[in-house]
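Naming follows writing order (A, B, C and D), and every chain is counted from residue 1.
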Amino acid sequence: MRSERCVQALNGGLHEAFERRDDVYLIGEDLLDPYGGAFKVSQGLSDRWPERVITTPISEASLFGVAAGMALRGYRPVLEIMFGDFIALGFDQIINGISKFREMYDDQVTLPLVVRTPMGGRRGYGPTHSQSLEKLLMGVPNIRVVAASEYHDLRAMTHAAIDDDEPVFLIENKLMYGRPNRRPENGYIDELSVREGSGTYPALTLSGNDFGEAAATIVTYGGMLPIAVEAATELILEHEVFCEIVVLGELLPLDLAPILESVGRTGALITAEEGTLTAGIGAEITAQVTEAAWGQLRRPVRRVAANDGVIPSAPNLENMMLPGAGEVRDAVLALDPAAV
Amino acid sequence: MRSERCVQALNGGLHEAFERRDDVYLIGEDLLDPYGGAFKVSQGLSDRWPERVITTPISEASLFGVAAGMALRGYRPVLEIMFGDFIALGFDQIINGISKFREMYDDQVTLPLVVRTPMGGRRGYGPTHSQSLEKLLMGVPNIRVVAASEYHDLRAMTHAAIDDDEPVFLIENKLMYGRPNRRPENGYIDELSVREGSGTYPALTLSGNDFGEAAATIVTYGGMLPIAVEAATELILEHEVFCEIVVLGELLPLDLAPILESVGRTGALITAEEGTLTAGIGAEITAQVTEAAWGQLRRPVRRVAANDGVIPSAPNLENMMLPGAGEVRDAVLALDPAAV
Amino acid sequence: MTSDLARFYQQMYVIRRLEETLLEMFSAGEINGTTHTCIGQEATAAGVISHLDSERDVIFSNHRCHGHYVAFTDDVEGLIAEVTGRTTGTCGGKGGSQHLCRGNFYSNGIQGSIVPVATGIALAERERKSGAVTTVFIGDGTLGQGALYECLNMASLWRLPLMVVVENNHYAQSTPEELAVSGSISARAAAFGIPTAEITTTDVEEIHATAGSAVERIRATGEPFFMVLDTYRFSPHSKGDDTRDPAEIEARRASSDPIALIADRLDPELRADIEQAAERRVADAREAALAAPVAGAVQA
Amino acid sequence: MTSDLARFYQQMYVIRRLEETLLEMFSAGEINGTTHTCIGQEATAAGVISHLDSERDVIFSNHRCHGHYVAFTDDVEGLIAEVTGRTTGTCGGKGGSQHLCRGNFYSNGIQGSIVPVATGIALAERERKSGAVTTVFIGDGTLGQGALYECLNMASLWRLPLMVVVENNHYAQSTPEELAVSGSISARAAAFGIPTAEITTTDVEEIHATAGSAVERIRATGEPFFMVLDTYRFSPHSKGDDTRDPAEIEARRASSDPIALIADRLDPELRADIEQAAERRVADAREAALAAPVAGAVQA
């Protein structure tokens, strides 16, 4: 069976959720059919449920608050933010509203809303349309940050986010949309064996040698998954070095168990993310893993990430700035220089 | 000589800068004399320079952009944001404007602006007026985050921020304002010997035993300084444990050298910050120090920070939620449980 | 059955005494943090909220929310307990003065940012066909926040049962209206196709009449309304300095104290009863709060 | 000396050919990323910007900035080199189509957020007493952004020499004006006490006249102005799908192509010369860009 593309899986998940629950609403810009959202994840919804799809003016700052208001009153709004870069406009609502209401109102309310948004570069969209800003959400208590990847069950992830009673930021990726949404068959995706974690947004752990001896764990998520797989494949084929890859589903609260489990086997950790290095998701992972697995780490955690700076429009400049398979590979090789 | 209070030092620095340069402007809410800003740091400026102090409507989101526009055209605006919690309103301008213009316009422009704002709790102001949100700025490339503390030369820091050609976020602290702005005399503040780092926003390293043997380094900044000093003092008096305290001036880019230097002596690191734990400044410090000082750390870095959650209004609840001297002390004692 | 007038007087008097008591308690060190009283502005709360049904309608208020809270919920006890950090407080001491929630009442301390949330609530209530009117209270200074205009646009486009009430007390903290508000306040809403009303009296009966037509219109059409009410606060912005001209404050106190304005219209005996009951209620609430368990006092 | 008309024709023709060429280059794979062309809207750029002095005045533009850029800087070559990612590009390939900067020209791709920056620039220029007019271009869709209203308020209060030009092409991406813009556009600015003008023609000479009075007024008074111009884009929002009714597009193409509208007013020979020169210039710029070093090609 040919897999559906990720955009279809996400879209399918939304259609199913709209069928299943009548408290689900979609709000955002340019949602109406036939347009169906800038990245087409929302296609077909407004034709089927014209009253539950609300296309909006360009007013991101307020849209976060509108979603919060609906959620306070018992609905399950899904807010589509056209480009992830625009979540910056909603930070006040996120920090001083959405993440506060439940706890500061002493648990009298819940905020079951989902913010869906595509992050990531490599399309030449330039400095304000290419960022991976999910790192900035990691410091906000009382929200969840969930990362879609092409190996996750994206239909299930959409349902889970909508059913969640906490505010969920569902981070998608622009390049992911067009790729097949692969799922393990008999425990494998291609040559990689896959273990699926537990929890609502399970992590996936991939191994090229059926969880035999491995030199390192690469923890990653979202749009970096194929890059990590490319690096791991090259390491096997050209260097006979095996790695495990942990593909996180939930970034916040950080799903530490599968990382520790893998590090318990490998003794070394690389974090790989597309956002800029400083204060990235790798920093928090490093801090938690270093404390929890102190005796097990042979070497300090290495972080692979984008250079701290602007993402240029020109393709070569953009490629130089964003982390690629080469950087992931080199980070693994640098762990044990003697071993290579 | 009695020291001036921190609010006076910051105010004095602004007065001096206004005298020294006629391209400095102050913008923000409620700035006009006799009110002189909600925390009085801006007092007397509008009486002396009525044309260079611009009191504004309540429009934080735009004020960041207004400051950017002035800076693009050769002025040196200082933007006062009344409570640090309100920087969330400016995140779009910060992320998609202020931090981008210089680099994305290929270095044709500079953005010499200063955003001054008080952070911190312990005054019962409640969830939306007590946060320490500077951690959220750490992930933004091309800006500087500078932290005022009561042992720093606050007049000099104000001058340095205004003369800086990069955008500077000068983080102040509400409780600090009322305290004396102490400076080392003959290398001492009270019983602590003080070494001052180099650079524009120097770190201070404090020692209770003249940089003799010490069990740990506590790295901190801003409003946590007196709490770290209290913990270190108690550790000396009641446990005969000596620590070094590194008080950072510049958080971003992170001033790593003084931390590494001290860790080279102590072999252990505690980070202490008032912001919430996850993805805090301690995470980035931990990641950098763990990588750079791998062989030197006896134990993993421990992070002391606020609980991940809302800062309650009620004093006891607030105290339980924010990190105090007890938590810092316990973190040090937990490093070497055998040694105590 | 109590007359409207008696009810207004009762509500305003309770709010006044409550807030005078809060200021006293501050001075006595029984409260920490901050508080923004609406002393002088009680008529906007009483006049508008008397048209709302706390079982159905929704209010989102701001930093200066005590009057709205009490007029809507009648929960003097929960409020005093909240600002004194008691477990019996409306939000268990977590929210404090400007972050209240009870039933259909919410408040938050970030100026302007409450309007989008109120807009979302109005949208939800429209979808639920509850017939609720959602009211959001803002000050003149909050007209500076762009989120308001984003929401006026959406409320108009989507025909939301949202009532925006501007309590124009002519100052934002220390900033007089003329330094912060250009042009015309009502024209700002009218430009988005929203009907408006503006009145310049602090007489609660007049406010009540104007608000009545507004609420009726919203209930009938399901469309938004924008109301600008003149008012004045007699006490400082929060607890601290007041940089306004004392003569101006005195003049407004003399001319437009909403409680004094209607006092003579009431039967003196009824009035005395109302006042005594209010005094007692506030004093009892203070005492009860101070006797209640301190939030977070006993650690688990 | 060239007449205004010839200059307008020349500018509009260069912009048109430039953008048609960009679309071709996209299809040919010579450009990646995105581009928003203003094909059909050239009159707003030419008519307004002809009153501005690129040595003194300042422009802040948006995602659809090519026309404004060329009308103000005449830098066809730098623009093509920028969008093709060449070291010779305006910003060395870093900015790309919607993040341009050269001299007194700036653009950025976040809707609405350019207005505060333009407001700060106008404030700086006022303080410098440069006499500059700062112009910010926004689309009808961008009227949804609250920052605009914050800035209208400040520009009015502070009397800033700021000109806000709304290019109303009746769509924001796929969203028609009636789903995104309530009430009256000019009334929104007028409510802040800002003078406005609104015209409903794409005739560059009429736009020029209206913009002339606006710029003159700003120069004379130092106060802001708000101008709403009717226009229409003939090409898709960026490169992709267009969900507008093709008949509507054809009708607007037939009735309001700003280039066709004035073509007959020119001497045919002059017109042919202008067209030929423009063709050559754009073709040469394309060739030069493609021959220039690719930004980031050789790593250090």
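By our rule, contacts are C-beta pairs under 8 Å (C-beta built on N, C-alpha and C of every residue); 3 or more make two chains touch, one makes a residue touch a chain.
On a predicted model such as this, the values are computed, not experimentally measured, just so you know.
Undergrad: Starting from the defined contact criterion, work out which chains touch subunit A and subunit B both, please.
TA: The shared contacts of subunit A and subunit B, listed by label, come to C, D.
Undergrad: If I average the CA coordinates per chain, which chain comes out farthest from subunit A?
TA: C
Undergrad: Between subunit B and subunit C, what is the gap in Å from one C-alpha centre to the other?
TA: Computed value for the inter-centroid distance: 37 Å.
Undergrad: Take the average of all CA coordinates in subunit C, do the same for subunit D, and state the distance between these two points in whole angstrom.
TA: Roughly 46 Å, centre to centre.
Undergrad: Out of subunit B, which residues touch more than one other chain, so two or more?
TA: If we look for residues of subunit B contacting two or more partner chains, we find 56-57, 59, 61-62, 85-86, 89, 92, 96, 100, 103-104, 126-128, 310, 312.
Undergrad: What parts of subunit D, by residue number, touch at least two of the other chains?
TA: 92, 94-95, 99, 108, 110, 113, 143-147, 150, 153, 157, 179-181
Undergrad: Line, ring, star, complete or other: which describes how these chains touch one another?
TA: Topology of the interface graph: complete, with all chain pairs in contact.
Undergrad: Okay, in this complex, where on subunit D does subunit A touch?
TA: So the residues of subunit D in touch with subunit A come to 32-34, 82-83, 85-86, 89, 92-99, 108-113, 141-146, 172-175, 179-181, 241, 243, 294-297, 299.
Undergrad: Give every residue of subunit A touching subunit D within the complex, in rising order.
TA: 29-30, 32, 34-35, 38, 55-59, 61-62, 85-86, 89, 123-129, 310, 312-317, 319-320
Undergrad: For subunit D, which residues are in contact with subunit B within the complex?
TA: Listed in rising order, the residues of subunit D that touch subunit B are 58, 90-92, 94-95, 99, 101-102, 106, 108, 110, 113, 115-125, 127-128, 146-147, 150-151, 153-154, 157-158.
Undergrad: Help me check something: in the complex, which residues belonging to subunit B touch subunit D?
TA: It is residues 25, 51, 54, 56-57, 59, 61-75, 77, 92-93, 96-97, 100-101, 103-106, 108-109 of subunit B that touch subunit D.
Undergrad: Given the complex with subunit D, which residues does subunit C contribute to the contact?
TA: 143-150, 152-153, 156-157, 179-184, 187-188, 190-194
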